[in-house]
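Two complexes are shown next, each including subunit A; its partner changes from subunit B in the first to subunit C in the second.
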Partner chain A sequence: MDAIIYSLPFLMNGLGVTLLVSAIVVALSLVIGVLLGIGLIYGPWPLRWLIRLLSDCIRGIPILVLIFVVYYGLPPLGLNLSSFWAAVLALTVFKSAHVIEYVRGAVTSIPRGQMEAGMAIGLIFPQRLRYVILPQAMRRFLPPWLNGVTDAVKGSALVSLLGVVDLMQAINQVIGRTYEPLPLYVLGALMYFAINYSLSTLSKVLERRYSYIRE
Partner chain B sequence: MTATNLLQIDKLSKSFAENQVLKSIDLSVAAGEVVSVIGPSGSGKTTLLRCVNFLEVYDGGSIQIDGREVGYVDTSSRKRRGEVDLAGMRAETGMVFQSFNLFPHLTAEQNVMLGLRRVRKKPLKEAREIAQHWLSRVGLSHKADALPSELSGGQQQRVGIARAVAMDPKILLLDEITSALDPELVNEVLDVVRQLAVDGMTMLMVTHEIAFARDASHRIVFMADGLVSAQGKPDDLMAEVATNERLRNFLSRFSATAH
Partner chain C sequence: MAGSMGYQLSFNQIWTNFDKLAEGLLLSLGLAFISILIGAIIGLVLAIWYVSAGRVARTFISGYVEFIRNVPLLLLVYLVFYGLPTVVNISYSAPVSFVVTLSLYAGAYLVEVFRSGLDAVPKGLLDAGKAMGLTPWQRLLYVRLPTMTRITLPALSNTFISLFKDTSIASVIAVPELTYGAQWINNKTFRIVEVYAVTTVLYVVTGYAILFGLRLLERRFRVER
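After this line comes the complex of A and B, so read on.
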């Protein structure tokens, strides 16, 4: 038990890495996914075709395979990333493909008349997106996306496979020293749960904020 | 037709795939004139209206508002106007939709203000004053802060009208604006349109309210099969029933309500 308490700072470092990986992946995939999602809906056909192809391919590969493909595939191409950034890149690519689909689902659910009403008062395309379409799409985008954020946190545990000392890897290393797997895995599970429970609480607040049907 | 027409449509044609919806439409609307378009469904009325602010891209012919070609840089080259240019033209053309199409995330006042702020670039205070003026004109001052979901259909459509006219358009296009309303809510909307007509607003409206078209418009255009089949002052058009069989067939369905 003492050994576990002494290892707590080490575990907290791991937790920090898990949060950092998750935050970077979530932020990057949000930006990339939203841009490509809009490209998928409104872009010229070659762009739409390309995004559709990428999204389908990426979502059709297990994330674990994608991580190893990126890790072993980039150096021969002359791109040497640390295992941390290789893992972040693979997770970002994977999450982006999903964000694209959330965006597509949310935006295409807005009735066509909304775009037309925006046109009729003379808004240009970026204004129609900003003031008419996206605020409405936000409401439908948030629930699946926030769900995806918790997936990203859980999925970040896979970076441990490349030797990145995240929470998962830290736990495994402490177990290697103490031979007490059960309490440590339970402790790890509680930490992941604490993160995701806070996130889902936050998501309820956000969803209420963006429901414009007054309660 | 002379150059004094605000809206000038010549030989307008438009097809959806194999289906030629508009064959060759000639139609003009003078400044201050109220013109109603009637006709059986599928006759191309709504498509015609949507071509006027380029919500539909037309294939042939020409549409001019105040001497400027709608949608294309000029008639001969058929080069599309750029997004900013096109938006600028649409801002000069108000449109009220059959299904209201209010912005559900914005209050009534914000619905009216959006174009004033982002297109007309009015300062907040002035935009709000204009919005309040028009909301009061349509009898909805007390609903300025209501969301569309908190309004009745008739109230929503009146906000729709306020949103369109607040932009001070050269011409107002009304697309079957009472078709989606419960019968008891139709009149509150038509009263607003009547008032706008009295004020001299130029309007082109597609409507199934024959009685309303008769007493509120200067001219009625009867469309059938993608062509203007007959047009004239309301009473003159009604007199054409004797010679125009299509018009007679169409109007016979309204005989109970037209008088």
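After this line comes the complex of A and C, so read on.
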């Protein structure tokens, strides 16, 4: 028990890395996913086809394998990344593919009439997106996306396998010294739980708040 | 560009060791299949129980579901494999430990699936069952469960594909599934780019092949509403 208390600062550092990895991945994948998601819906057909193929393939690969592919596969091709950035890159690619699908789901759920109404009052395409479609799609996008953020936090635990000292790796290192696996794994599980449960609860609250929107 | 770096692609050693990948792929599928079977039983029992359960039991079921859903699978795998044996006097092999973990994991996701599936059974069917004089148990067994199974089939397919991908995490406790096979070949041949290229293709193609097959099955059993 003492060992756990002494190791708390170390675990907190790990937790910081977990949150940092998650935050970078969530931010980057949001930008990339939204842009590609709009490309998937409104782009010319070669672009749509390419994004669809990429998204389907990436979502078909286990995230662990994707992390190994990026970490071990890029150096022989001449691109060297630290284990931290390799993990961030792999998670970002993976998360982006999911964000694309949240965007597609949200935008295509907005009735066609909205776009046509925008056209009728003379808005150009970027204006129709900015003032008509996206504000409405936002409410359908937010709950699943927020729920997906928990996947990023959970997925970030895999960076420990590249030796990045995140919460998961910090726990394993403390266990390596104290030989008390159960209490430490339970403690770690509770820490992940606290973060993700808040996020998924917020997601449910938002979903309920926005549920007045009907087709 | 790769050529100028002095790295030449060579797949020969991947093909000579391909049995590691093939056996790994089969084990991955097997692990996912057993886990979804056990997970479906856990999920179904808890979903039916939840409907009629009191407050304490509901809190317990929700607690299980929320705990599993909000903790990384990797941590759960470690917890069951390294953590549990230190307090419970049982020992199990890595594959058994992983199946236990993945079944509990699948169970937590399937409780939700089955709960909404049970809710989605048209009330008219249950009334019809009542009108025919079926007992509550008979209505559950002959009306609710079969209809629910057909309604939840798409969600079950997705869960299976997702579990199939999650089996890659079993490699961290040295279960010789597909990802472990890839690591094994890499350690032996250092053909890292090639082995992961082949492994990735195997995961994606297998995943979509299964999904395609399951979609055909779903169309066959779709409930018209």
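Just a few scattered comments:
Following the convention adopted for this analysis, the second predicted complex is superposed on the first by the 200 of 215 C-alpha atoms of A that agree within 3 Å, B and C clash if a C-alpha of one lies under 4 Å from a C-alpha of the other, contacts with A are read in each partner's own complex, and residues count from 1 in each chain.
Everything below uses one rule, namely that a residue touches a chain if its C-beta (ideal position, glycine included) is under 8 Å from a C-beta of that chain, and two chains touch if they have at least 3 such contacts.
Everything quoted here is computed from the prediction, not taken from an experiment.
Contacts of A:205 after superposition: neither subunit B nor subunit C is touched.
A count of residues in subunit A touched by subunit B and by subunit C gives the higher number to C.
In the superposition on chain A, A:5 makes contact with neither subunit B nor subunit C. When the two complexes are overlaid on their common chain A, residue A:132 makes contact with subunit B while staying clear of subunit C. Contact with subunit B, but none with subunit C, is seen for A:124 once the two complexes are overlaid on the shared chain.
Contacts of A:77 after superposition on the shared chain: subunit C is touched, whereas subunit B is not. Overlap of the subunit B and subunit C contact sets on subunit A: empty, with no shared residue.
Listing the residues of subunit B that touch subunit A in their complex gives 53, 55, 83-84, 87-88, 90-95, 97, 99, 101-105, 114-115, 118-119, 147, 149-150, 163-164, 167. Residues 1-2, 5, 7, 66-67, 69-76, 78-79, 82-84, 86-87, 165-169, 171-172, 179, 182-183, 186, 192-193, 196-197, 199-200, 203-204, 207-208 of subunit C are the ones that touch subunit A when the two sit in their complex.
Those residues of subunit A whose C-beta lies close enough to touch subunit C in the complex are 56-57, 60-66, 68-69, 72-73, 76-78, 150, 153-158, 160-161, 168, 171-172, 175, 180-182, 185-186, 188-189, 192-193, 196-197, 200. The part of subunit A that touches subunit B in the complex is made up of residues 111, 113-114, 116-117, 119-125, 127, 131-132, 135-136, 139, 212-214.
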